[in-house]
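Below, subunit A partners subunit B and then partners subunit C, in two separate complexes.
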Partner chain A sequence: MKYVSRIAVGPVQFRIGSEWREPVAALDRLYAAYPRDDARPADATVRLFAARPWRRWLRPSVHIGGDFVVPDALPLPLSMGLLAAEMAMNLQVALGWRRHLLLHASAVARDGRALIMSGQSGSGKSTLAALLGEGAWRLMGDEFTLIDLAGGDALAFPRAVSLKNQAIAEVAARVDPARLGPLMTGTPKGDIRHLIPRADAIAAMHQPVRPALLLFPRFGGETAIEPMGEGEAFVRLTEASTNYVALGEAGFAALTRLVREVPAFGISYPDSAAGIALAEQLWAEATQ
Partner chain B sequence: MSAADIFVDLLAGRREAATLAPRDWDGVIGVARAEAMLATLAHRLEDAALPPPVAALFADQRAAAKVATAQALWEAEMARRALAPEGIEFVLLKGAAYAAAGLSCSVGRQIGDLDILVLALDIRRAENALLNAGWEWVRSDPYDDHYYRAHMHELPPMIHKARDRMIDVHHTILPRTHRITPDALALVSDAVAVDGGHAVLCPADMTVHCAAHMLADGDLQGGLRNLWDFHCLTRDFAAADTGFWDRLDARADLHGLRAALRRAARLARDLYGSVLPSGWNGQDSGDRWYRRRLLARDDWGRVTHPLLEQAFYIRSHWLRMPPMMLAKHLWTKWRKRK
Partner chain C sequence: MTDRAYRAAPRGALRIEPLGELTAIFDRRSMQTHLVVAPLPEMLALMGDGPCDAALLAKRLETAFDLDDVEDVRARVAERLAELAAMGLVAAA
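Coming up: the complex of A and B.
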């Protein structure tokens, strides 16, 4: 591949190859502050490529691939190359990672313990994690949280946060503009802008923390808290995990332990301030 | 030296893992993943000196492969429970058979669909029994369905609606329209029992099928893995039975597959260092195209000779059906694309 970069996010060393300069240059800027070891062999390989040679220049469209290829993944225009790179990195981790139980969830940590938030796209889990991560919390990640199979600790995957639509203005108002990536408008996921995590979050990304609270946020509607039983939390997290089935008994044991040891709640909230207040309240109750 | 060459050398034991530079591993792992053989390599190098990140990745792969093998054997057991009450005998093929028989090539080997062989006269009953037990058709395209039933050696693929796993039910090991017609009755009647209540092909048939699947039926996709199976099978069977190679030749003659068998043996010798008996050790100028196709991967796991890949694809169809039928088939397929 013509342009290559190597990026380490949490325990995953990526090798990213691209037929265009732009996506790799954009990634290098977003991940400039992350620790870099160019001699370390990669855990996951990402490729950004043109389906036909002439599509490198003529209406360039970026296909994503690597260790795993999803046949029906739609290509993106080169102007959204950074989004293509992000999606490709997520795809390789989602399909290939076997060392930990992988939850599609955001997480933040405080005092050596973790708050894990799982939900569909649009639930606000990313925005809540980003906003908490600008306060007294350490951002662990906005997309994936890793659970150690033997010990049950949570591990961070603090990739650049993918802010969407209204969340962009809300977060941009509070952070140094140097920590924001380029604004991409009109993508299949709406408007997208990346936020570089704070230096302390990157510095601490290898520190495991004990899960203390599980939230299933739902953005919109009146403020509400619903305590959730172990069974429902378990089923929801099996659906939120991309490697639960592949891990077999070890995945079952890790997930069972998580829902037994950690209190879980569904929360509804009309705006971010209310969501943060709920998270802080339930955290105080869970960790006192 | 290409990443594919290094990968094959590591499997063959011609090269020490410790001699690789840290950055060589990306290419080797890329090729291994593209060939669905990363866990195979991880087992082969279990005791080798490896950079810590590679050792950790390989440990992950070994653990995951153990789970995957157990899941594949469970799928075989599910098929047994569906078919046994109907009195339908079946033989496990390929990956599931290697695992059920505890053969060395099954360690870390990826197992895709469950492949089973039944007698042609049982195929309708097998189909019904599986449908009643929760399997369903993957596609409902009438042409494909007709094509499978009229010309292929297997039913259209079925998938289990709860477990999301595919099963391929074969009644022989090459398409009906293939130039070669193996003796399917002999395959089933000489099958041998293994633990778990399953049957697998006898050693010689299993080896002949491995060669046929790789060289007489397919376009050499996944060829390095099939060739590794062949290398391990012949090595282990020959070690247990001094008459194995002769038996193998006789069995290949019975099925009309001697050419495929002998080519597989030469390729396994050239790539993985298989030790062949005298009389098998010839050269064939055509082999180099196969070697080139098998090793056609760059250090990003991409196919490097697209024209050669295309040529082998066309060859696989050429072997599978007579020219007029092939023309009609491709015409129908092309019209459906539009």
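Coming up: the complex of A and C.
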């Protein structure tokens, strides 16, 4: 690989190689404030390569590779190299990480405790975390949350937040433009723009916090709160975990502990302001 | 239906964790997680170490939970035992 970079996000050290300069340069810009240790061995390797050597010159398109490869990973045009890099980084973590229980969930922290939000794409978990992270909360991550297998603490994975579609304008209005990446339009996920987390979130990314509240947000519809039993939360989180099965009994133990110790709710909300109000209300009740 | 006898999983093979209305069972032999509802956890708890058929298990359940309609309980216990066997949580004795 001609261009190589190393990025540490939470406990994961990435090595990213590309045949083009652009995606690596864009990543280096987004992750400039993250701690960097080039001597540390990589936990996950990401490769962005051309489908055919000559395509690099004719119609550059980025294919995704690494320790794990999904056969249908999309080739993306070079202008979306940053998106390809992000997808590849997610993929390597989702498929390869074994040291913690990995939840497909966003998380924010306050007073040493964590609010974890799990949901499908479009549930708003990423936008809610980004907006909370601009207020009194520390952003832990918009995509993955790691749960310590032995102690049950939540660990941050504060990659650059992937803002999509309407969330872009909503967040862009509140932050310093220097914290935003390039706008990528017409990607397979719509419009995407990355947000660099606040400096305090990056500085605190190695601090574990105790989970205090689990939310399963659903964007759209009337405001509603639905208390969720331990069993349902367990089932939903097994579905939201990419490595639950691989972890065996350690994953089972960590997940049963999490749903027993932490109250869980499903929430529906028509807009971000309502979602934030629900999160703040339930947080106040859970931590009083 | 013939009243087949089954045997509980060896001690230590299952990790059983009640989670509200559901019970999560981790089978250390297959590494599989099973989610079950009443009366399956109660049945597993009353299997004992020796061979156990539906009639014997129904009697234990009746005693433990003060149930009536013995025949109906026995028939349903036989069905549930077959389901537990299909999940690998009990084995034919």
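Note that the second predicted complex is superposed on the first by the 288 of 288 C-alpha atoms of A that agree within 3 Å, B and C clash if a C-alpha of one lies under 4 Å from a C-alpha of the other, contacts with A are read in each partner's own complex, and residues count from 1 in each chain.
Simple rule for what comes next: contacts are C-beta pairs under 8 Å (C-beta built on N, C-alpha and C of every residue); 3 or more make two chains touch, one makes a residue touch a chain.
All figures in this text were calculated on a predicted structure; none of them were measured in a lab.
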>> Quick one: is A:220 in contact with subunit B, with subunit C, with both, or with neither? Answer first, second, both or neither.
In response: neither
> Now for A:229: first (subunit B), second (subunit C), both, or neither, which partner does it touch?
Replying inline: second
> In the superposed arrangement, does A:238 touch subunit B (first), subunit C (second), both or neither?
Replying inline: second
> Just subunit B (first), just subunit C (second), both, or neither: which does A:39 touch?
Replying inline: first
> Which of the two partners, first being subunit B and second being subunit C, lies in contact with A:250: first, second, both, or neither?
Replying inline: first
> Which partner, once the models are overlaid, touches more of subunit A's residues, subunit C or subunit B?
Replying inline: B
> So, A:151: does it touch subunit B (first), subunit C (second), both, or neither?
Replying inline: neither
> With the two structures laid over each other on chain A, which partner does A:260 touch: subunit B (first), subunit C (second), both, or neither?
Replying inline: second
>> If I apply the document's touch criterion, which positions on subunit A are contacted by subunit B in one structure and by subunit C in the other?
In response: 248-249
> Taking the complex as given, what residues does subunit C use to touch subunit A?
Replying inline: 15, 17, 19-24, 26, 28, 31, 33, 35
> Once bound in the complex, which stretches of subunit A touch subunit C?
Replying inline: 229-232, 234-235, 238, 245, 248-249, 252-253, 256, 259-260
> subunit A touches which residues of subunit B in the complex?
Replying inline: 22-23, 25-26, 29-30, 33, 51, 53-54, 56-57, 60-61, 63-64, 67-68, 70-71, 300-302
> In the complex of these two chains, what residues of subunit A are touching subunit B?
Replying inline: 1, 13, 15, 17, 39-43, 45, 47, 67, 98-99, 246-250
